[in-house]
Amino acid sequence: MSRWIHRYSAGERSNHWAVAISFVLAALSGIALFHPAFFFLSHLFGGGTWDRILHPYIGVFLALVFILLALRFWRRNVIRPRDREWMRHMGDELHNRDERMPETGKYNGGQKVLFWTVVMLIPILLLTGIVIWRPWFAPAFPLVVLRIAVLIHAVVAWLMILAIIVHVYAALWVKGSVRAMTRGTVSPAWAKHHHRAWYRELTGK
Amino acid sequence: MQVTRRQFFKICAAGVGSSSLVALGFAPGEALAEVRAFKLARTTETRNTCPYCSVGCGVLIYSLGDKAKNAPGEIMHIEGDPDHPVNRGTLCPKGAGLLDFVHSPGRLTQPEYRAPGSKEWTPISWDDAFTRIAKLMKDDRDKNFIAKNDKGETVNRWVSTGMLAASASSNETGYLTQKIARSLGMLAFDNQARV
Amino acid sequence: MALQSLDIKARSATTTPSPHVRIEGAIPVAKLIDISKCIGCKACQVACMEWNDLRDEVGTNVGVYDNPRDLTDQSWTVMRFSEVEVEQGRLEWLIRKDGCMHCADPGCLKACPSPGAIVQYSNGIVDFHEENCIGCGYCITGCPFNIPRISKKDNKAYKCTLCSDRVGVGLEPACVKTCPTGAIVFGSKIDMIHHAEGRIADLKERGYSNAGLYDPQGVGGTHVMYVLQHGDKPELYANLPKDPSISPLVSLWKGITKPLMNFGIGLAVFAGFFHFVTVGPKLVPDEEADADDPPPPADPSRAYDPARPLSTRSDHE
Amino acid sequence: MTNHWVDIKNTDLVLIMGGNAAEAHPCGFKWVTEAKAHRKARLIVVDPRFTRSAAVSDYYAPIRAGTDIAFLGGVINYLLSNDKIHHEYVKTYTDFSFLVKDEFAFNDGIFSGYNPEKRSYDKSTWGYQMGADGYVVTDPTLQNPRCVYQMMKAHYARYTPDVVSSICGTPKEAFLKVCEMIAGTAAPNKTMTIMYALGWTQHSQGSQNIRTGAMVQLLLGNIGVAGGGMNALRGHSNIQGLTDLGLLSNLLPGYMSLPNDAEQDYTAYVEKRASKPLRPGQLSYWQNYNKFFVSNMKAWWGDAATAENNWCYDWLPKLDKGYDLLQVFENMNQGKVNGYICQGFNPLASAPCKVKVSGSLAKLKYLVIIDPLATETSEFWQNHGEYNDVDPAKIQTEVFRLPSTCFAEEDGSLVSSSRVLQWHWKAAEPPGDAKGDQEIMAGIFLRVRDLYKKGGGAFPDPILNLTWKHRQPEAPSPEELAKEFSGKALKDVTDPKDTAKVLVKAGEQLNGFAELRDDGSTSCGCWIFSGAWSEKGNLMARRDNSDPYGIGQTLNWAFAWPANRRVLYNRASCDPSGKPYDPTRKLIAWDAASGKWGGADIPDFKPDSPPEDGMNPFIMNPEGVARFFAVDKMAEGPFPEHYEPMESPLANNPMHPKNEMARANPAARVFKEDWASFGKPDQFPYVGTTYRLTEHFHFWTKHARLNAIIQPEQFVEIGEDLAKEKGIKDGDHVRVRSKRGFIVAVAVVTKRVRTLDVEGRKVHTVGMPIHWGFMGLTKNGYITNTLTPFVGDANTQTPEFKAFLVNIEKV
């Protein structure tokens, strides 16, 4: 398939999907405890008690694999002036007026903002999650700390879910993106259209 | 993964559908609220008196079973007798814990014997114990019984063996004990009135 | 005895009303603990353990009369002893029986994520149903009185049931029945308030001018109430909270936030959906796709590889 | 108790002193809270510690352990000098007007007739002036300086509030406040109840503590009335019953007493006890002594007891001295005792001075333990480390440990401190091979009897002839035994006024002790229990709790001795004309129409004796009245006097600083070598006192897990001042020493144990609960009685557990 451009290595793809799967599991098991309307989701994990047992372990796994991912990707996500420019053209992006969009590198401004959002949220979830982790750590904390932690955990998890919904939607919406994480490759046209600077970097054109 | 518009609709529909099924009651294993079953339902109730202090509180003893021949009743709960004019159903921490006295691991269950100088108990049958004790008592009484004192007065006493009687035993036991002790001429005889 | 027969007022993690049409006729019950009559004998502790088939650890003495030292999954009530001199030179030994207050607005129930793990019956009893308990400890976070305890054996939460099994068959709770001095009484909440008024009048006559009833309204009133000699200073009684309420943090967490957040998630999903159906997918224009530019060779060396030295990597866009 | 538990609800004032009812008798204490809630009664607690009773009291006054007589003597002084007494009551119903012998004297703490070598009194001067008519001479004007009133007034005038405060360490204003509250009940329509227990008895002057309390109550007219009385809370569930049945060294059932060596003549023995009235028209109920005695002998020896052999009088052992617990252990220590049987009794833990008890038990040839639980005594020979450090190889005692049943596994009756005999029913079989006490006693006795039957031996007659008419001889049933002590007619019993009228037919159960005869026609094993099981059935099993008068007199609940009456001396609740002093609490009243006394209680009186006959309420006393002057009944004097505890923080008795003889109770018995075991304040400066906690019952409940949980480990309580002085903090381990040994326990530092100002200096108290040992489920602990002194009350030989000397240090 010589006409495809390589975007993600196998390691990167595996790491991404490890994060993605553990996030989905963490989110499903977490949201089951978050609101009664979603408690049924606990049955995916073997019932409420298993849900309570598994959720924190999934969370810790998520955090670990995410750290790896962040180490892989952070340099490419450093925000540059052209990303700010991109952000100013968000409306055009959303309305598919792609011709008005500025040139972007491997990641556009939206992707970078998402990256750094998740980089901030995951440690908060990890820390507050440890505080409220029963039966291991919660008994060591005073009640008021538990109360604050559980509130922050819920709010941050919510933000995280919103962020990931945006991320997933964007992947589905921008045709040709999903292949990048499944096969590691994108079409030259896709690269040229969405990430012109990156395309140029690769091809010299 | 390429999700077509059609597939996307399908995923959404399945999600909504499964939540609706849960809402309709298809959630697996959801238990109904239920209080603990009342544990005294068909137990046997026996009236008794608290054996500790002498307020003499009435207690109700609940034992398993209905006294049928094949089911020896095991005591499983004790609480105050509400009819009793003094305690009116109340019990102090000692009385409230009577169940654990009845079932205490410290309860003795078989006669035991400790030989002179020995470091341990050995089991003994009731008959052997009674026989040996009776022999020891008679030997001592025969040897040390005082029929007359130095002045020649009739005194008929035996003071080289003594006894302490249980002040938590019944009047019937106490009466029998008193009768036996005095028939033997015992004077070194006391109860817990003092301590 | 299933849910239908029990007149459930509220059920944890349940968003629709529980069957509670009989609530109008139900008699709210209450346990009244008159601290001025309490001799701290711990009969209630023993009766509680005995009736509920619990046995706590045989602990140690750490220089106080309180034993066990705190509530546990095996001790659903403990006596807390406080030596105080409210007036200079006049010692008082205030002994408070601690345990679940059976709040009308139970923080535990509000916090619990597991449907039916905590229920509130129409008579006011707040009961834990451990078969539904998942052991998350949110009830502890939710309780303004720090009452529930998670068992180390089964990781489920336990607390006083107000002997719902006894009350269910028309008996008084075990601690109430056993209380030698009548410091604990049980009946309809109205009767208990009336009884408390009599006790408070008696205490005032004995010089406790601030005697009062502890039925904190911050949690909607409680079904376990205290008569306090010093009603103005509940904190004297081993830090009984003066004006307890469900922590605002918990209210925020379990209150309006969650539906709003659900709404937010839903909104996000639907926004995507409608964006998709209105704006449509972002496609690469055909003219670009069909461009005859030859693709660059698929050269892995050009792709990001963390193992390669920085200088040869094109981390910069 | 003169009254009973429920009756406490009728009181206006409760004085808890020498007891801790809230902790030791919580369910009885309920009636104090009822009196407070429904009668606006007040509760006073006087105690060395701020107890859980004090926690719910209206007024608390601290007191130094062992100074109760000084305190109460001060109360008597207050009442007499402020004239706060019930005038008609004391004048009519007490010995106020009786004249005391001129020879009787009291000099610097010692009464007339003292023999310092024997440490006892010749009591011949301790009596009344007798008239030529054979009755006591009285002075109704109460002016004669030899009348009891004047003598008592003079005796207690010395107990001024300052003296009391200085001896007791009670702040003067606290003492006066208590006096004032007590004095309020001198009004005929006000009453006070006194609740006491081992806090009064366990002193070298314990009996006198109680007498002083009774004197206060008599002055106030509070004896015999509803809500009044002297109420001994009592310890074990059937300690009342066992005492009633005479299971003490010197007693026979129903408070009859064994003869001493000198009483060789049966008639003289009876006459001495069947006292004739000392005032005209008085009942002196003990005149019936011979009826009780003969019926008792018939119950024990049946046909073998005949008029010819004085109803087997000589078969009873005669006393050369008392053989109380302390005396027996003293004898054991001297090697004079070979065998000992402990039936449900744990002397290693319960008796004073563990080292002496342990050493004494080791000198026994055989020891028989009959108990449901594995007691410390049963393992006195076993090494339990620091808690019982003995070498089994050196102990040659044969020990038998026989498992008996507990309450739940037997039928029978117990007597509560209300004097109510209550039947209980068996609920389960005993564990393993355990047997009931009756079977065990029978098992031993029948084998002894067989040995005598076969081989003869020392004086076998009382053994061979002991009545044993049981359907299963090896297992006498509770029913048979209850019927035997309740009594039956052996021949037809007829009405003495009309011999043709048969009251009870031969073979029938008696209705009560009024039917007992001294001609051998009745049999009754315990006269005061007579009627408990009549032809009407087992009255002890009655369960009708109705209270028709609303004052708690449930006459159809079980059976109270004597004759089912619930309040003793209840005739004294009425004025001389037979009208109740307080109609709202009417116990009985004279009903002229029917010519009988009656009401809410069974009259403790001759039921048809009209008020105008002048019979007085205290029918068991030959005087017919209550005694302030104890004549010769007490060992250390007719009027209680303050003596220091045997071990006291003071060098002398502040009442008699120059008389060493009067420092501690001059009549208290001390065994010769025990003098050396008493500590002095220079080495042991603090007052030690032992007590019980509400969470435990003696040494039993440490075997019950529920109780072990709520009070798991041994501790001692000290005040904040002493803790500071010694650098002791809550939860520290401390060593408490007396001259007799040491214990190690956790320290509880508390405001509830106060430092007292005594005789111008600070006195600290170390409080020690007793419940721990080396058996059971609680944490192992030292036996607290390691520390206590081997000395007892002069009258009862009750050990002085409540006041001794210790030192304390942080471990």
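Labels for the chains are A, B, C and D, by order of writing; each one numbers its residues from 1.
Here is the rule we use: contacts are C-beta pairs under 8 Å (C-beta built on N, C-alpha and C of every residue); 3 or more make two chains touch, one makes a residue touch a chain.
Quick caveat: nothing in here was measured; it's all calculated off a predicted structure.
Colleague: Taking the mean of all protein CA atoms as the centre, name the chain whose own CA mean is closest to it.
Modeller: B
Colleague: Where's the contact count highest, between which chains?
Modeller: By contact count, the leading interface is B-D.
Colleague: With chain centres taken as the means of their Cα atoms, state the distance from subunit B to subunit D in Å.
Modeller: Measuring from centre to centre gives 28 Å for this pair.
Colleague: Can you compute the centre-to-centre distance for subunit C and subunit D, using the mean CA position of each chain? Integer Å is fine.
Modeller: Here the centre of subunit D sits 52 Å away from the centre of subunit C.
Colleague: Compute the distance, rounded to whole Å, between the mean C-alpha positions of subunit A and subunit D.
Modeller: Inter-chain centre distance comes to 84 Å.
Colleague: Centre to centre, by mean C-alpha position, how many angstrom separate subunit A and subunit C?
Modeller: 34
Colleague: Among the residues of subunit C, which are close enough to touch at least two other chains?
Modeller: Residue numbers touching two or more other chains: 41-43, 45-46, 50, 115, 132, 180, 182, 276, 281.
Colleague: Residues touching two or more other chains, restricted to subunit B: which are they?
Modeller: 8, 78, 80, 87, 90-93, 95-97, 99-100
Colleague: Please list all residues of subunit D that touch 2 or more other chains.
Modeller: In subunit D, residues 26-27, 30, 694-695, 705-707, 710, 777 touch at least two other chains, as defined above.
Colleague: Taking the touch rule as given, give the residues of subunit C at its contact with subunit A in the complex, in rising order.
Modeller: 13-15, 113-115, 117, 132-138, 140-141, 146, 150, 152, 155, 247, 249-250, 252-253, 257-259, 261-262, 264-265, 268-269, 272, 275-276, 279-285, 288-291, 293, 295-300, 302-306, 314-317
Colleague: How about subunit D: which of its residues touch subunit C in the complex?
Modeller: 22-23, 26-27, 29-30, 33-34, 36-37, 40, 50, 52-56, 58, 60, 694-695, 705-715, 729-732, 746-752, 777-779
Colleague: Mind pulling up the subunit C residues that touch subunit B in the complex?
Modeller: 1-3, 6, 8, 11, 41-43, 45-47, 50-51, 115-116, 119, 127, 129, 131-132, 161, 164-166, 168-169, 174, 177-180, 182, 273, 276, 281
Colleague: Could you please specify the touching residues of subunit B with respect to subunit C in the complex?
Modeller: Those residues of subunit B that touch subunit C are 5, 8, 12, 30-39, 77-80, 82, 87, 89-93, 95-97, 99-100.
Colleague: Which residues of subunit B touch subunit D once you look at their complex with the stated criterion?
Modeller: 44, 46-58, 61, 63, 72-75, 78, 80, 83-88, 90-102, 104-119, 121, 124, 126, 129-138, 140-142, 144-145, 147, 149, 151, 153-195
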